[in-house]
Structure formats: structure tokens, C-alpha cells
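Take a look at these structures.
Look for chain A in each of the two complexes below; its partner is chain B in the first and chain C in the second.
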Partner chain A sequence: MNEKTRRGFWKNQLFFTGPTLLIFFMVMIVPFLYGIYLTFFEWDGISSSKPFVGLDNYAEVIRSGSFWGSMWLTIKYVAACVVLINGIGFLLACLVVSGIRFQSFFRASFFTPALIGGLVLGFLWQFLFNHFFVSIGKTYGIGLFSKTWLGDETLAFWALVVVTVWHYAGYMMVIFIAGLMNIPNEILEASKIDGAGKLKQLTGIILPLMVPSFIVTVFLSLQRSFMVYDVNYSLTAGGPYGSTVLVSMHVYEKAFRSYDYGVGQAEAFVLFFTVALITLLQVYFSKKKEVEA
Partner chain B sequence: MRFRPLLLHGLQYAILMVLFLLFMFPFGLLLLNSFKTNGEIMESVTSWPTAFNLDNFRDSFIEMNYMRSFLNSAVITFCSVAIILILSAMTAYWFVRSKTRLNNALFLIIVASMIIPFQSIMIPLVSIYGNKLGWMIEAAKQTLIFFYIGFGTPLAVFIYHGFIKSIPIELEQAAIIDGCTSKQTFFKIVLPLLKSTSVTIAILHILWIWNDFLMPLIVLQNTGKRNYTLPLAIQVFRDFYSTDFAKFLPGLLMTILPVIMIYILSQRYIIQGVVQGAVK
Partner chain C sequence: MKKRKLSAVVVLLLIVGLVISACGTNDSSGSNTGTQASGGSNAGPKNSAAAGTGDKYDGNEETPVKITILNSKGQIAQVFEEAAAAFSAANPNIEVEVITVPSGQSPFERVSVLYASGTPPALSMLDAGDIPKFQDKALDLSGEKWVNELSSPNEIDGKTLAFPFAIEGYGIVYNKAVMDEVAGGAFDPASIKSLSDLEDLFKTVEAAGKKPFILGSMHWSLGNHMLPLAYVTQPEGVEQFLANLKAGQVDLASNGPFNGLLDTLDLLKKYNAGKDDPMAVTAETIAAEVATGNVAMTFNGNWMISQLEDVSPNGEYGFIPFPLSNNSGDRWNSSIAVGATKQMFIDKTVNTVEQQNAAKKFLEWLVYDETGQDYLVNKMNIIPAYKTDLITTDPLGKSIQSYMASGNTLPFGANYVPGDHSSTVGAIMQKYLVDKVDRAGLAKELEDYWKRVQ
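Presenting the complex of A and B:
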């Protein structure tokens, strides 16, 4: 390669990738590395003194009861959300795709909550839980709704789950519908001729062929519910009595309310590794279940 | 025998109707109560409003500084998405067509970075761009757009990369023989082919940025209300002890409305965008 074209190559390299890489490194990579550095210091974010504390921040995170409380609560929340979002999303997809009339209307309606931000949805449902459900409960004497869910520690947790499921079930439905449409009709017809019932078709053909869709939807719902902050903030604000502080909120409070950047960042990394590990395992193990049509 | 399918059909419709009501009643109640006074709301959430009270909307509009917040949201979303699209398309194109070891490694880093959640770098971002450099204070909105670009490019580069791989190289070779430079080839030949992929990426990113809360909260919160986006502005009505629902609910409705209107106009594209984005 002569001098001129080599220079031309680097000019193009710079032109096509330079701006993207500059911003990408400044926003993602440098802060990520700087974050690792921060975890070894005690810092309130303002003062000029930043004493080196070694692994003390990690030790504090590991000892912290409130952090693991949040983590455990988040894991329960994620488990409930992933199961319900995917279960209901799949049910909706099956109901909508079966060729009935108005199906695009139903599909569009179920998808609507997915368009709206968690913050707004949380505020809306706070109003519903505090006023609508309570009034229904009182009028019809339903014990479950006689008091607001947001005032009870267990029920407030389930309120978060309900809102999250309502938020994302339609989103996953859309992905499932695309998967269901891709199942070749001949296979279903052939199985019918062979005498397979609806249930047999579902477990023997449809579900195995839907594994790729499930990989995507489980991944998305895992990631989104693990990282949730907005619904948590607007619906329960961590209450009652700090019983529903999910782990994102815990990190936020540690850093920006208690001004403990070092410990906050160490918590953020523990969260990052947990989520990375779980999602990688999920994708790895479910890829093994994939089959060819 | 013809009776059974009919019955099944009926059952299916019944289940769908119930689910439809479960999914839609929050919006219905929001609409209904937005026109009521505080007294009416407290008396009964399900009653019809006595007079369609538009004063609520006016008060709410003024108090949350709606026009300003709406424009902030719109400008931030538009600028971020536009820049993400053009920069990512260029980068992805170069990564596909110039497979040097450096470029392969860079692409790998970019794809791997998608697993980094905002929460795990928000503290460093604040310490670098807030405390040290002061960008978040001097140019808060620009800094927010800058963050969105950094965060949004990995997914966009990934999706573009997947699509550009499938474009036959003969098209470009013909252009190069005709004397086009790499830049001309990209802008004249390749870019026009990326239209539908760009729509997919734009939809995913618009949904994310328009609705995002935590990042604007951290960047804009302390810079004054004139910088607020809609999700931040809606908080003025939040008060734990006595929320003023007569203003809060119209505010929520007005925050949701633009999205719903765009959805009604371009439903097919949005749903398609979500599916395309998920499959890739």
C-alpha cells in the first residue's frame, strides 16, 4: 500500500468512525473505567479530599443489610414480572392471532401502555390504587381493596408488579405475534391430520418453535425490570416505610442523597455484574433449546 | 357439530373483551377524572363530571410550563435521534466495508457495551461532566443530548451493521469504478437503502428518549425548570400529603396525549419497528 492511499484510508476511518467513537468512549467507556476507580475511594462528590480506602467500599456493600434487602426484593420482583409479562404476553398473542375480527384493534390497544413512560404510568396507577380501587372495595365490600395497596408492604410490592406487567405485556405480545406468524402452516396441518389436539400442538410444536421469541422477550423483560427506577419512584417512592426500595433506587439514594459516591458506585457494579451474569446465562441456556422448523 | 366452534369463538371474544377492559380502564378513568373538580374526584372516582371543566387544563398547562417542557422533550429527542442515526450509519458502514483488526475489535467493544446499564455509570457521569467539567451546569440540555448519543449508538450501530452486511457489494463497486469516493458512495448509494432500517432504529430510540426519566432527572434537575422535559415537569403536582388531582390528572393526560396521537397516525410503523428491533 503506498503512502497516499494509506493516508486516504485513515482519513476515511476518521471521518466515518471518529465522531461516533469519540462520543461513545467519552460517555460509556471512560465513565465505566472511572467508575471502577471511584469504588476504591471514599468521596462525597464535592470535597477535594478523596482518601483511598482499598476494598472497604465493597466490604461495606457486602455487609450492608439494606442493599441485600433491596437486591432480594428486586430479584423477587424480576421473577414475578418476567413470568407474568411473558405468560400474559403470550396468551394475548395467541388470542389475537387466531384470525378473529378486530384483531388489529385489539393488538393496538394492548400495545398502548408500552408507549408511555414508567413515570407517568406510575403516577396514574398511584391515583387508581389510592382512590379507584379503594372506592370499589368499599362499595362492593371487597376486603382486598378496602385499603390502599400502597399502604401495605406486601401489597405495595404486588402493585409494582401489576403496573410493570401492564406496561410491558403488550410489548412482548407484539414480538410473540411475529413469532407465531412465522410458524409454517403445513406443520400445524400435518399434525392435525396425525391427530394432534390443540394442547398437543401447543406443547409439541408451537412452544418449541417459539423459543427464539422467548429468548428475546425474556431478555428484554429481565433487563428492564432489573433496572427499573421510574415506576418505583412514581408509584411507591420506596414506601411504605422503605419496604419497596428496588436496587436502582438504592444506588441512587446512596450516591445522590447520602453523598456516598464510592459505596454507591460499588453497589452499581455489584448490580451490573448480577444482571450481566443472569442475562448471559439466560441467553446461553435458552439457545440450547432452539430447534429448527 | 357447527355449534362448538361458534361457542369457542364466543368464549374467545369474551376473554378478549375482559382483557381489553383491564388494559384500557386506567386511560378511561384518567380521561373521565381530568374534567372534574377536586371535590367531585374525592366524592366518586367513577361518576360523570357535572360540567366539563376545562379550567383544570388551563391551570395545569401553566403550572407545569407545558409548552416549554414539550419543546424541550421534542428538541432533545429529535436532536439525539437524528445524530444517532447519521453517525451510527456511517460507523456501521465503515465497519462492514473495512474489516481491519482494529475495526473488528471496536465493533466488538461497542456491541458488548450494550449490556452496561445507565445505573452503573451514572455516578461517574455526574462526577466527570457535573462536578469536574461543569458541562451539566453550563449546557445541561446539550450534555443530555451528548449522553443520549453515547448511549444510543451501540444498538443503532449493531442494527445497521446487520443490515448493511446484506447489501450486495457490486452496487458500490460500480459506483467506485465510476469515480465515486468512499464518502460519495456512502451518501449517494448506501444511505438511501437504509431508510426502513432507520425507521426501526428511530422508533426504538424515540420511545426510549421521550419517556426516559432517570437520565434527565440527574442531568437537568438542578438546572432550573426552564430546562425540564415533560416527565420532569409533571412532578410539580406531586405532593405526598395532598395531591391536587384536578391539576395532576389533566397534566398526566396532556403528557400522554402527544404519544397517543402519533401512535394513532403511525401504528403500523411503530409496531413493526418494535418487532424488527427485537428480532435483530
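Presenting the complex of A and C:
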């Protein structure tokens, strides 16, 4: 294949990216479009009759108090997670590049939770919350831990946040480490000579230069917390009494437990739209704050 | 230049080959966590899990046939696969592949996905309540030999569309060793005929120094097993009662059986060994406590025998009826809710006639063949739904069979409720368990739920 001609150029492109593009198209685009098609029908997933109902499903989604309740709960969860994941991730990254002893060991161990699948994580922490913390609370008389966190609505919500932060802080820490390493040392030295203290260095130099890393980490943590299902399912299963049903779980239950595919798919589409909008806005506004070193 | 191009092509082919082989691996027990929120119901061409169709063989009996069977009873997964292997060994031309749906997952969802991808199993095991949805896809089995042997007819619109695989029942499970010790001899479950009898029993157990009861907080236990006892004991019958509930014509707060059920539940809450933190009591906890003898009784079904035997392999257990009133004469106070919870239907839409016949053979094997019967009754601890002299080997199964033999049974309420009853109504019952809502509130929330059901 000859890159010199136009045709040759495209043939080359297709040869290398073709298979992946095809798979992406079949696995993501086609189901997505089919899903949108399904939102205009009423279907229970198996019956042969699929009556056309137009925009009824979307109307029901807008009317549905439980969907918006789940959405609001998810927004609160996302806010808590994004702030904590990025905050703790950044602090850990600063800690790990500051030259303390065993820092490679710490680097590896902080990253390890990110390698554990969400389902396993949920069951692990369920055991910790239900039995381990409770027995510590009972032995030492700590009120907060003597009853399982998963039995109370507010505490179960924070349990979800704790598990998600533990899961992803290490992952973001690695991204921040890369960002911190990229800050040229000369600038920091120059600022020290000019009399800048640690805090001024942090706010004036490090943070602005870390904005690209923050764009990435905020985007990843936003997207992952919005779409969470596995930890939600294994840690709280939506309990206690349905108070921690986040929006993905609500979609799943609507489509597969209440056998209402049309509405479930419409909800999923609304979720997709919301997340896409939020993440696009986030990336757009953050890009404006980027500073070149 | 040529050498570089050749090696590029070879490397690319290897990568593509790797990707295709990875995509084609068999997903026999994967769980469908719905993270593809926008993915919809289409499983796409990448997942060809079942592969039970596409046989291009003629109608010759002896030609090889491959069928897929979906097992949705997680507890017997391994034994079921052994049974399938034994069946294949006895019928060399039939190859059986088993797909297992783990416990707690919706078999309906798995089967719908398989239908959507065009590869439904020949034989699928579903919850009884899901079978009507598959009416147009199920093969009519009314002409099969075993239909006349069923303990009770299993018909929809006068046609037998599914083979009742397992009979299950639930009530108050008691640890025989503990109860015999407390009673100072053999304990007779038939002596408990009313709410006050049960309360006296609890007091006797407490006086003997043992904990009488532990109540599991599982939504499926409270919502789909305990509460439906009130549905099936209504004077107008369960189906009419539920129709009235959907129409909003029932006042639960003044309903006799409903209040009787809640009186018993209040008693259980009072004596609950886990009452400091009721929501922390899980299915594993109650099994461990009863099996070790720490607690004498709990509320669950005969399926928990596998968990009990994990802890204490040779324990003896039995069922006490769940009282719904204080009147010893009421029939339901001596009855156990029993029903065919898992049913298998044969797909007639995609599977070929040979595959359907092979599936029919499997069912006959389970009913008539000695090895099949041995697997079903002894190894899987299933109570068969057909008349048989075989008695199951596990103590809870034996207890259920004795209630069936004496006719002291109630319909299995969970077979009549919609798919989200377990999680939604279960959540409401959990609120009542921790006193977040009182009886009036509970009645109202239940009525609201049923009015929303289509």
C-alpha cells in the first residue's frame, strides 16, 4: 500500500483501524441505536407483541418520582466521590513523591484497590461493615460502629462513598504522580529563590500546572461514579429498604425486574444524555484553565 | 520493504485472531451486571453463549443432537451438571450443555437475553410466576406421560406448558436436637396450632436457657414468603384477592389474615435474637445460628438445608406452621405453604423438533429412570412434583413431604406476585421490621404498590 496516493492513505488507515472500528460499531453503536429504537415501544423483554407508544415512555420517565429521586441521590454521591477521590488522590500523590522511605511500596499498595473488581470489593466491604466494624464498635464502645452502617440510610450512603473512594483514589494517585513528575524542577527552585513558601508554591505553581491531570481525573471519577452498579449491587443491594438505589440500579430494576424494557431504556438514555452533558461541560470549562508550562 | 510489510500483515492477523477467539469464549455462568446502561436489550453478535441451535440434522432419532438446559437453581448447580453428564452417558446421541443462573439472579432476564440473541435453551428452568410470559414460546406438553402423575395439575389455559421441577415449602424451621431437649422428649410440631401456642413455646425455650428465634432481614424472605401467607389465606382465594388489591378495593388495615400475620411477626420481632440490629441478620447468619443450636428456630424454607448442612452435616430439622391467628381450629395454622417454585418449559420457536424431543427425553429421564430419580431426589434434595414413593433424604424435605401427605398445605404465595414484589414489598416489610413504619403505614404502602401494578 502506497501512502502517497489518497486511496493508498485510506486503505492503510482502514487496514489498521478497520477491525477495531468494526467491533466498536457492532458492540457499542448498534445496541445503542437499537436501544433508542426500543424506547418508542412497550415491551416486557420476551413477548412477541411490541406496541408502538411514541413518546409515552419518555413521559413516564419525566413523571417518575423514583427515577429523579435516584438521580438526585446519584448526583449527591458523585459530588462526594469526585471531591474525595481527587482530594485524597492528590494528597497521596504528594506524599508518595515527597521522598519518604518505602515510597515505591506505598505507591503499589495504594494502587492495588483499583485492581479489584467492583463486585468483590462490595462483598469484602459488606463483611467489614456488617461484622468487623460492628465487633470493634461493640468491644471498644464506639457508638458510630456498634450498629452496621448498612442498616441506616445515611450511613449506607456514606459506606458507598467510602468504598468508591478507596477503590479509585489509588488510580487517580498514579495519574497525579505522572503530572507532578512533569513539573520542571527549575520553576520550583526559581520560586524558592524568590521566597515562595510551600503553600504559595502549591497554589501558584503546582496546581495550575496540574490542571491537565485534574481534567483527566475529574472526568474519570465523574463518569465512573455516575455509572456505578457493581459496588451498589454487592455492597447495599439498594438497601436498606431501597434507600441507596442509584440510577443505574434503578434502570436495571425497571427493565429487568418490572419487565418494562421501554421505560428502562428511556431512563438509560436520559442517564446517558445527562452524563454526556456534564462531562462535556466539565472538559470544556477545564480546558480553558489549562496553562502551558 | 517487502519483509516489513509481510511481518506487519502477520502481526495484524495474529492480533485479529486473538481478539476473535477471546470474543468467542463460552460464557456459561456469567452474570449480567447491567453496566451497559445504554446498551439496551440487544446482546449483540459477540455473545454466542448457548449455541444450542443451528443444528442442521435430519429427523433421524439416532443422529447426534445437542441441547442446552438452563438451570436457575444455584444451590444444585454442580449436581445438575453431573446429572446432565449422566443423562448424556445413557443417551449417547444427545449432548447436553448446562447454563447456570446464580442464585439471586433473575432467570427471566437470562432467558430473555438468550431469546434476544437468537439462541434460547431447549429447556429452561424459570420461576413459576414467569411461565405465563413464555406461553407463546413454550411447547405444549399436555400429551406427555408424566402429566397424569403430577401431584396437582400444572395448567395454564387448560394446557400443561411446563414441567414442575421442584416443590418447595417454607415455615418456621426448628432444630430438632434443641427442641427435643427443651421439650424433655420428642417435640411434636403439630402441637403448635395458634399464636398463643407459639408464644408459650418461645417462653418455654427461653426458660430452658436457649434463644428461641432469629429473624432474617432478607427482602425475599419477608416480602415474597412471609407476607404472601396473608394473600393465600383470604376467603375469596388468592387470585381474586390480588385482583381486588390491584383495583384498590381492599382495606388491608382491617383485613383479618393480614393483621393475624402481623401479630405473629410482632411476636417474632420481640423474640428475635438479632433485635439489636435486625437488618444485619442475613441468610447466612440464621443458617449458622440454627445449625449450631445457638438459636432454636427461624423462618425460611426447605432450600436452606444445604446451608444448614454446611455448618452441621448431620443435623435434624423440621417445620412448624406459621400461625396466622389465635384460633386453634383455623386450618391454615397447621399448614405449610408449598408449591412448585421452579418449572421447566421447552422452547418451540428456535429449537428444532429433534432438540425438543431430546429435551422431552431428559424430563422423562428425571421422572422414570432410576438414575434420574436418584439425582433429582437424593442428590439435589428436590421434592418431586409427581406422585412417587421416593422420600427425599434431607430432613426438611421429609418434613415438607409429610405435610403434603396429610394435605396440610397452602398455596405458594410468591408464585402469584409480579417480579418486583420481592424487592419493593420486601423493602417495605424491612421498614416495618425496624419500626420505621407502623401497621397503618405498612397497609397503605402495600395498597399503593398494588394499585401501581399493571
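Please note the rule applied: the second predicted complex is superposed on the first by the 271 of 293 C-alpha atoms of A that agree within 3 Å, B and C clash if a C-alpha of one lies under 4 Å from a C-alpha of the other, contacts with A are read in each partner's own complex, and residues count from 1 in each chain.
Here is the rule we use: a residue touches a chain if its C-beta (ideal position, glycine included) is under 8 Å from a C-beta of that chain, and two chains touch if they have at least 3 such contacts.
Everything numeric here is computed off the predicted structure, so don't read it as measured data.
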Discussion item. In the superposed model built on chain A, check whether chain B and chain C fit or clash.
Written reply: clash
Worksheet item: Of the partners chain B and chain C, which touch A:L271 in the superposed model: first, second, both, neither?
Response: both
Worksheet item: Does the superposition put A:V83 against chain B (first), chain C (second), both, or neither?
Response: neither
Discussion item. Quick check on the superposed pair: does A:I187 touch chain B, chain C, both, or neither? Answer first, second, both or neither.
Written reply: neither
Worksheet entry | Partner chain(s) touched by A:S258 [first = chain B, second = chain C, both, neither] | second
Discussion item. Looking only at contacts as defined up top, I'd like to know whether chain B or chain C touches more of chain A.
Written reply: B
Practice prompt. Determine, under the contact definition given at the top, whether A:S109 touches first (chain B), second (chain C), both, or neither.
Written response: first
Worksheet item: Counting only touches as set out at the top, which of chain B and chain C does A:L128 meet: first, second, both, neither?
Response: first
Item to complete: For A:P240, select first, second, both or neither according to whether it touches chain B, chain C, the two together, or no partner.
Response: second
Discussion item. Taking the superposition on A as described, I'd like to know which of chain B and chain C A:I46 touches: first, second, both or neither.
Written reply: both
Item to complete: Determine, under the contact definition given at the top, whether A:A196 touches first (chain B), second (chain C), both, or neither.
Response: neither
Worksheet item: Can you tell which stretch of chain B collides with chain C among 62-70, 224-232 or 260-268?
Response: 224-232
Item to complete: Could you tell me which stretches of chain A are touched by chain B in one complex and by chain C in the other?
Response: 15-16, 19, 23, 26-28, 30-32, 34-35, 38, 43, 45-46, 119, 227, 229-230, 233, 248, 251-252, 255-256, 261, 265, 268-269, 271-272
Discussion item. Quick check: in the complex, which residue numbers of chain B touch chain A?
Written reply: 9, 12-13, 15-16, 19-20, 23-24, 26-27, 29-30, 33, 41-42, 44-46, 87-88, 90-91, 93-95, 98, 103, 106, 109-110, 113, 115-128, 131, 146-147, 149-151, 153-154, 157, 182-183, 186, 207, 210-214, 218, 231, 234, 238, 240, 245, 248-249, 252, 255-256, 259-260, 263, 267, 270-271, 274-275, 278-279
Practice prompt. Give every residue of chain A touching chain B within the complex, in rising order.
Written response: 9, 12-13, 15-17, 19-21, 23-24, 26-32, 34-35, 38, 43, 45-46, 92, 95-96, 98, 100, 106-120, 123-125, 127-128, 131-132, 135, 166, 170-171, 174-175, 177-178, 216-217, 220, 223, 226-227, 229-230, 233-234, 237, 248, 251-252, 255-256, 261, 264-265, 268-269, 271-272, 275-276, 279
Fill in: Contact set on chain A toward chain C in their complex
15-16, 19, 23, 26-28, 30-32, 34-35, 38, 43-48, 119, 130, 134, 147-148, 150-151, 227, 229-230, 233, 238-242, 248, 251-253, 255-259, 261, 265, 268-269, 271-272
Discussion item. Residue numbers of chain C touching chain A in their complex, please.
Written reply: 12, 15-16, 19, 23, 33-42, 44-46, 106, 108-109, 111-112, 115-116, 133-134, 136-137, 219, 276-280, 282, 418-420, 423-424, 427-428, 430-431, 434, 436
